[in-house]
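Letters are used for the chains, namely A, B, C and D, taken in the order the chains are written, and counting of residues starts over at 1 for each.
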Amino acid sequence: MILERAFPLRKRISGGLLLLACASFFLIPSSMLPLPNTQELLSVPGEIGHAGGRLVVSLRAEPKTLNPLSAIDAPSREVIGAMQADLIHINRGTQLTEPALAKSCKVSSDGLQYTLVLRKGLRFSDGQPLDADDVLFTMRVYLDESVHATQRDLLIVGGKPITVRKVDSSTVIFQMVKPYGAGERMFDGLTILPRHLLEKTYLEGRLGQAGGLSTPANLWAGAGPYRLKEYEAGQKLVLERNPFYWKTDVKGNTLPYLDELVFLFVPSADAQVLRFQSGETDVISRLGAENFSALARQQRTYTMTDAGPGLEYNFLFFNLNDLAAKAAPEVTSKSKWFHEVKFRQAVSAVIDRDAIVRLIYQGRGTALWGPVTPGDRRWVDASIGRPPRSPDRARALLKEAGFSWRTDGNGATELLDSDGKMVEFSILTSSSNADRTKMAALIQEDLKELGMRVQVVPLEFRSLIDRVTQTKEYDACVLGLASFDADPNSDLNVWLSSGGTHLWDPSQAHPATPWEAEIDDLMEQQLDTPKFEQRKKLYDRVQEILAEYQPMIFLASPDILTGAKNSIGNFHPAVLEPYVLWNVEQLYVRSEQVSASR
Amino acid sequence: MEKWAGKDLFQGYGMTPLLEVQDLHVSYGAASGKSGVALAGVSLRLLAGETLGVLGESGSGKSTLAAALLRILPANGIVECGAVRFDGRELLQCDAREMEKIRGGRMALIFQEPSQALHPALRVRQQVCDVLAAHTDLSRAALRERTGRVLAAVFPTETERIARSYPHELSGGQRARVLIAQAICCEPALIVADEPTASLDAETQMEILQLFRRLREEFKLALIWITHNPALLAGFADRVMILYAGRVAEVGPTAEVLFSPRHPYTQALLRCLPPGLGKGYVGRKTKLAVIPGVAPVTLRDAGRCVFEARCSDRMDACVSGEPELVCVAGKQFVSCVKYAG
Amino acid sequence: MSFLLRRLLQAIFLLIGVSILTFLFSTLAPGNYLDEMRLNPQISAATLASLRAQYDLNRPLPFRYARWVNAVAHGELGYSFAYNGPVAPLLWIRARNTLLLTLTAMLLAWALALPLGIWSAERRGHLPDRAISLATATLMVVPELVLALGLLILAARSGWFPTGGMVSVGFAELSRWGKLRDLAMHMALPVAALVLSALPILVRHIRAAVAEELGAPFFRAATAHGIPRRKLLYRYALRAAANPMISLFGFSVGTLLSASLLVEMVMSWPGLGPLLLEAILARDLYVVIGGVLFSTIFLVCGNFLGDLLLYWADPRIRTAGGAR
Amino acid sequence: MDRRRVRRWFVALLVLHAVVGGAGFLAPYDPVKQDREHAYLPPMRVHFLGRGHLHLRPFFYAERLREGTFDEFEEDTEKAIPLRFFSTGEQYRLLGFLPSRRHLFGAEGARLYLLGSDGLGRDQLSRMLYGGQISLLAGLLGAGGTIFVAAMIGTVAGFYGGWRDTLLMRLAELFLALPWLYLLFALRAFLPLTVSPLRAFLLVVVVLAAVGWARPARLVRGVVLSVKERDFVRAARGFGAGDAYLVRRHILPETRSVLLTQAAILVPQFVLAEMTLSFIGLGIPEPVPSWGNLLAILQQYSVLVSYWWMYLPALAIVPFFVGYQGLANALHVDGVTVKIEGKRGGTHHDIGTRFSPAQTD
């Protein structure tokens, strides 16, 4: 069987070499081919670890695919992150870019041309070389509309796709029509695909479907620290050490240290906690504050780490869509309150953000008045005011906007608008997110103080998204977004009025308000501005506008909470995804534990 | 006057009785705490091969007597005192396992309502076989063979078809025969038949009665035949016992009890027979005013005759104490103050 | 034979009905698979629209249904949006795991419930009955979810049992015995949770059914024939009480695939449950329909088995001609 | 048979329901009122002894957060607060209509948490009592509806057989096989967002009842099928009894034990179903308490291991469930005896006439 299948391959090799090739094919497995001396490895700082051992990580859901083109869920991305590599990488620890597959990156003075030089001797995890052709292939695939690559939108700058050309086998030039503010950061996540494995599939038009979890290990490869070993449906995915990896530690030991990386599928957060607690998994992330404290209280063989404020921002927003079409009287009157800036400011003033941080995050979080969390160190606008909770100011604002109060039969106060209508609305939350439901309950109680009658309506997540983005039948909603990068561009779609994630009034043809127009302008400007200081100034202005007009009433940001067994070395959780596995090639099991676990 | 108590009554018989019941009291407890007396001091004796007819209206304790003899009273039924000696053993003292051996072995019970006394989902052969298996250590083949013989004894024709049937596929008479087969399969010394023919038509009743006659001869059976129909007993039972409210009203040889009853209750009972059956008692059919729930029977010591309220020959002495059984003529005993002293 | 044929036809109609209704419900339920991408700022509206088209999500329902039926006719169960692959292989492996779990649990539950129910019925009103009644009442009060979690906490605290999954990480390296032991250890908790949650219902039904027969005349008659107690209880009473119990048994067979959803979720057992719940929440339409069809097939089989057993156990129904 | 037992359980249940019904009076606080300084406060201790001498009036100490923690409290022994009985407090409506301010007990100066507080500092005792009202109502209504529908459908299917049986049983199978989660999502989508919590929930209960009938109906059908073949039914039919008579007098009474067992199982199940519903966002919305809500929080690992008093609502449910089952058992035993003594002919007529079964239903 093997012979028969191997034969057509060999036929391509011309006559005289056939025998030799044939011999080498059988004698030396491709993975044993000696590496060229010229290999340029990247040496990374950090503790010197031991080779060997196994790290077990739990994932909240089963990853859906190994294919970077179609992966959108967090578990898939986490797994792919350990199997693939990009040209330039954002160091999750420093939040800055650093060379990866490309050893250097030169930007032309007009900011339109990026010249990247690949390391010499790069290989995919199946031993096949990685060169400029793979980069070209990758870009072609990403930009092909029929592939539906999730990365495609990122590669369209100034309305035109980025073009790539090859200079030599290790040099490529990326060309764009307009300068791109975030610069090299865009290369992060553009994993280089193995042309030798995927080109045929691509030409057949089946690339989107490739890389399912049941793909045989020898038909899948990447340039990341680990490669596929085995997959058991519903149970686990096992990755093994990529022997061709291109990083070493400072002493020149090849990375990664670990022999195996095991992803267990554990379908609920609390079960994840349990398995970590019982020692069945080695590290844990994406922890809620209460579970974190519960684990911290009984820590024995593990240590819990609060990595500091993350990039997730939670907020309350009102339905600011133009609902003129559905002119039901109660809808229009509600819409009128929500469109009133002073109303939103009053709501913001009365919300007890400290209580949210204290009661929901047990102090492991930060109150927010703007969209950028302190975790986004370079971009946070420190000048945004942090007014303490003030029901009096809220009442003054409402009064200015024409609202009034009366006392009802039971002695409770009711807020009335200028038409004498009682202020009454509902807040949607995702029922699967206990934290946000709790937030809504706190807000409900706070708003009661202003005489607003609020109902909390927890909805299943998709139903909620459907209401917010499609049917638009809702009053207000508590939601959270997590920027995946510490850069304004990652939230472009949230702030641009044309953006689909512009939650309070998504996908507008023209900005509905002057301040939204201004944000649009500012965001477009920063997109073209290569200088950080200038961009920062522009983005600060965006933050100020948001803080003033409160289309989203920012509430709080949770810390990134993680934990690891004491035996895991080099464990440095970051506030960017993947919180604990970003340096997975450097993680190791301390030696006494290696021998013990064997 | 001879008292109906102790051994003296049977001195004339000159042999050990097969079954001897002395002063049996049975009551039913209710969770409400009250209890009702179903049998209040019944005594009887039975010789091997003898047939005793037990006659009484509903609620007189007939079925309780049958159940008490085999100790299969419902969970709330309690034997308060008394003794049941059978085959030289004190049944009330036997442990559960011994009782299991005796039931269906030396003493068998035939239930009333043949339609309900058979398991609905087991074949007839199986049900008979199970009884045999419970009392013998025969091999499977031997069990089968003997089951076949027993069934053949009650079903001379169609034996095999009936053996393969389920109870609901049989007629009432056939079901009654299956019950009989179950009862006789271990060749018991005594069969207690609790109204075995009550639900059958007259012709089938006669057939069953005929079958019993034959079996009685064949197996030398003693029989306690419980019924509310005096007509069945004439010419069939050796002696008849009349039960009223858990007490023996009258007992004696069949002919004497049925044709010259002494107790007012017996007289009243027989008076309601259809015309032409008992001579001399053909008269207007006077229906007994049976008032269920009027219950002097719930009392252990009524302190008066329990029939007093319904008695046509009421006297002052009736309320002065419970009458005791007294011998009135030969072997006929009656509990009525008329005959006392 | 015609009886079998009729059942088969009914089963097919049931499957069609279930598939149509599932399709319908899935369209009525708000949102679709792509909604989560909507919140992903990296993905543009244009990409979403093209994906919608690719997944036929903007086609009318009858069209999609026809497509799906066509696929089923070709031995496929449709396509999973999330897993980017055919549904059938996804379901097979998990259905197998679920069956391993639930079949064990069901057999164990019945094996325990029968003697307990009978014993409790026999000792009606006495101490054992009361104790069993109290225990079943208590078990019934504890929600399955809390029960499973409680067992998990126990496992975590004591370290006696693994806290989830089907096999250990190093399963492949174990000896054959070691593998069996490992599997058994992993099954212990979910099976315990399933048994404990099924037990009270089974025991109560068995008790009720048997208690009814214990007072029946045939039972007393059989007692009077001196048939030993054990045989009386386990053969006579049980056999006569079979009718409602068989319905229950058919039901427990029918729900083999769907009974363990919650427990599988909590104990991270790689069965159908987590897959289906995730698919429902993610609106991964064809996975859901496939899963529902799988469990429907089981239900049909369970009912069929129940009918057959009933037919076998109750001769009265048999003579009625089996025309049911 | 056992009228006394039935009565005993009934009275016990009545008392339990009265306790829940009188939540307004018995609960010291409004169940939604948050006390943000006292989240996850363990149950407070009520003291009788303080500073060495006995106090006539029981009192408790105010508690405050220990420095630097979020869920650890210490007693402030400087602040002893006396407990007041029949005190005036927040306004409530007893049984939903009688306005009152009188509470069984209360205190001035600090809140007393007899059973601790939850993550938002709400009084667990009050939430438990108020939560019971909604949960029990849901359980009773749901189970009642289900049993009614199940008895109807099961009887029709079992009694008439034929195409009606086929149709109904296929329908039942269909209902059992369907993914109800979907339907519930769809249903929620059709509901307006701001229906009052109670109405939204009752609607879901109705749906559950409509969904839940399939299983009991199948059981009823099984019983009816076999009862139908019993002799007394055949006999009655032979006497010319009409269908309606047969169903009413012979068939339905026979299904009673199954229905009661089912009801006993269903009431708790419906109370618990609410928990699953709460979990997927279809139950009683926050902040209104319900037993389902209160239990659903136990799914969090942290709550399960750190805050033992959050288990207490589970204990509150126990007596109710035990009560329902006790009642059903008592009725059930009753049902059985009726059959032995009453219907299966006169085996024990002598008993049967005197101890006629209690007509408890």
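Just so it is clear, contacts are C-beta pairs under 8 Å (C-beta built on N, C-alpha and C of every residue); 3 or more make two chains touch, one makes a residue touch a chain.
What you see is a predicted model; the values in this text were computed from it and never measured.
Chain centres defined as mean CA positions place C nearest to the mean of all protein CA atoms. Across the assembly, the mean Cα position most removed from that of chain B is the one of A.
Pairs C-D and A-D differ in how many C-beta pairs touch across them, and the larger number is found at C-D.
Centres computed as Cα averages put chain C at a distance of 25 Å from chain D.
Centroids built from CA atoms put chain B at 89 Å from chain A. Spacing of chain A relative to chain D, judged by their CA centroids, is 44 angstrom.
Rounded to whole angstrom units, the spacing between the C-alpha centres of chain B and chain C is 54. The set of chain A residues that touch two or more partner chains comprises 270, 274, 432, 460, 462-463, 466.
In chain D, 185, 189, 229, 299, 304-305, 340, 344-345, 347 are the positions where the chain touches two or more neighbouring chains simultaneously. Each of residues 29-30, 124-125, 149, 153, 215-217, 220, 277, 314, 316 in chain C touches at least two other chains. A complete list of chain pairs in contact reads A-C, A-D, B-C, B-D, C-D. If you check the complex, the residues on chain D that touch chain B are 1-5, 229, 231, 340, 344-351, 353-356. Considering their complex, residues 10, 13-14, 17-18, 21-22, 25-26, 28-30, 124-125, 133-134, 136-138, 140-143, 145-146, 149-150, 153, 201, 204-205, 208, 211-212, 215-217, 220, 243-244, 246-248, 251, 254-255, 276-277, 280, 288, 291-292, 295-296, 299-300, 303, 310, 314, 316-317, 320, 323-324 of chain C touch chain D. Those residues of chain A that touch chain D in the shared complex are 269-270, 273-274, 288, 290-291, 293-294, 297-298, 352, 355, 358-360, 362-363, 410-411, 424-426, 428, 430-432, 434, 437-438, 440-442, 444-445, 455-460, 462-463, 466, 473-475. On chain D, the positions that touch chain C within their shared complex are 161-162, 165-166, 169-170, 173-174, 176-179, 181-183, 185-186, 189-190, 215, 218-219, 221-223, 225-226, 229, 257-258, 261, 264-265, 268, 272, 275-276, 295, 298-299, 304-305, 314, 317-318, 321-322, 325-326, 329, 332-333, 336-337, 339-340, 344-345, 347. The part of chain D that touches chain A in the complex is made up of residues 32, 34, 36, 39, 70-71, 91, 119-121, 185, 188-189, 193-194, 197, 279-281, 285-287, 297, 299-306.
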